[in-house]
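In this document, chain identifiers A, B, C and D correspond to the written order of the chains, with residue numbering beginning at 1 in each.
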Amino acid sequence: MEMKMDQAALQAFLDRDFPQVAGMFAFVEVAPPVVSMALIASDQHLRPGGTVSGPSMFGLADVCAYFCILSVLGPVGLAVTTNCSIDFMRKPPPGRLICRMELLKLGRALAVCEGRIFSEGAQDKPVARASLTYSIPPTG
Amino acid sequence: MEMKMDQAALQAFLDRDFPQVAGMFAFVEVAPPVVSMALIASDQHLRPGGTVSGPSMFGLADVCAYFCILSVLGPVGLAVTTNCSIDFMRKPPPGRLICRMELLKLGRALAVCEGRIFSEGAQDKPVARASLTYSIPPTG
Amino acid sequence: MEMKMDQAALQAFLDRDFPQVAGMFAFVEVAPPVVSMALIASDQHLRPGGTVSGPSMFGLADVCAYFCILSVLGPVGLAVTTNCSIDFMRKPPPGRLICRMELLKLGRALAVCEGRIFSEGAQDKPVARASLTYSIPPTG
Amino acid sequence: MEMKMDQAALQAFLDRDFPQVAGMFAFVEVAPPVVSMALIASDQHLRPGGTVSGPSMFGLADVCAYFCILSVLGPVGLAVTTNCSIDFMRKPPPGRLICRMELLKLGRALAVCEGRIFSEGAQDKPVARASLTYSIPPTG
């Protein structure tokens, strides 16, 4: 799949369109059909013991899928999540969480992504996996 | 299913064990196997236009499922979400969101819940539906 | 939601378009947005002990969602399943299985259904729950 | 993850415990934590145009996940599917379908697998993706 937005373009889009959450996420790699992002956890994302909360991991997977789609589709602001299935498999230790998301299908009306979340340096022991469907607005 | 924790007991558990999020959620009804909770949205949960974010709706479904299970299981602190499948169907208008969650199965090792999220007063037009599985720690 | 196809119309559609599986399923109730169907299990659907196989329950949920959508949408042959999330909660005892499916959203491009499968007469102890998304072909 | 059952052992288990479906599936590769299997489609799995039905693809993913778990766990007959989320992304052309399933987690009570289904020779254009959870019986 051809890249329509590189890391700088995605970062600018994130800063402009999602100012409330821009500081929570950092791009790690933009290599369509794969985009990886990190969660910059603050106290609001943590649970006792320093573990990252489920909604925070959901949010990381969701934003990473969104930018994975935009990297191939271009700056379309109206794609919306229609479905997410997420499995939490291990309790994340304190530290930086990475989501590696892959675009499996970019259709006329739907895009499907699949990815894994893991602690930095521990890609072989994912803490979660997620698949997401986005609805793509009609063009024209 | 017999009630092991009523609304006051669940509220006390929420206040004590989840102080970071206790102010975000309010109990609406505790009638096992059904528990309904409301999201008290603040700026961090909103997106442009006043719509509630996906991760906030995920968080509402997750906490509501948790307390739905506790209402029947009793005060077991170690149940953890293992899976969630959520469909976002409509964009929520500004205003209070309610999640109505039902416990479908409470097994030895797993509990399964299913519920819908809707704007207060618009139960027939759900904005999202979700099913969640929790792992129950072994007793003994 | 207004009914566009009644039980006789759905049955005729099933007989004509799905002759390979028509004998496997029977309509129980057509009351949009709810449609209920039964699985007429034969040896190929059973596992040792007389329990119905997972793929057979998936097939029952899938066909029931399809006709649930058609009951409101009318005879559109090209709707396709894009996602299904299914939880198997109890082992079905030998006997007739019913799926009760509800159409939660019929949008321009997507339809979302949610339902439960249970042994006839035991609706309060569902053996499975499922949510399905169908893609609706563009008209015009 | 260490291999506890090789391809010959899995094939013998399939032949003995699942005689109704043994002829429908063939092992392609057993390399834990990955197991790949093929669906040997007959008329009952096909839809008009020669495309493989959704329930047949679900069945392929389900059996492949089961043997993926057994390859690492050993010959435990009582693991049962508790959840499956499956996305159908493209219509499979006529021809052999392969499922490549990976075991992501083998816990005390739950195992989680994730995989893709594709037409032989077209692994980069998956027709479906699926994630499945199995419940592992307690050992005594």
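The rule is simple: contacts are C-beta pairs under 8 Å (C-beta built on N, C-alpha and C of every residue); 3 or more make two chains touch, one makes a residue touch a chain.
Keep in mind the model is a prediction, meaning the values are calculated, not measured.
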If a chain touches chain C and chain D alike, it appears here: A, B
Most remote chain, CA-based centroid, reference being chain D: B
Centre-of-Cα separation between chain D and chain A, whole angstrom: 27
Distance between the centres, which are taken as Cα means, of chain D and chain B, whole angstrom: 33
Chain centre separation (chain A, chain B; CA means) in Å: 23
Multi-partner residues of chain B (at least 2 other chains): 82-83, 85, 87, 89, 133
Residues of chain B touching chain C in the complex: 85, 87, 89-90, 104-105, 107, 112, 114, 116, 126, 129, 131, 133
Touching residues (chain side chain C, partner chain A) in the complex: 82-83, 85, 109-110, 133, 135
Complex contacts: residues of chain B adjacent to chain A: 20, 43-44, 46-47, 53-56, 58-59, 62, 80-89, 91
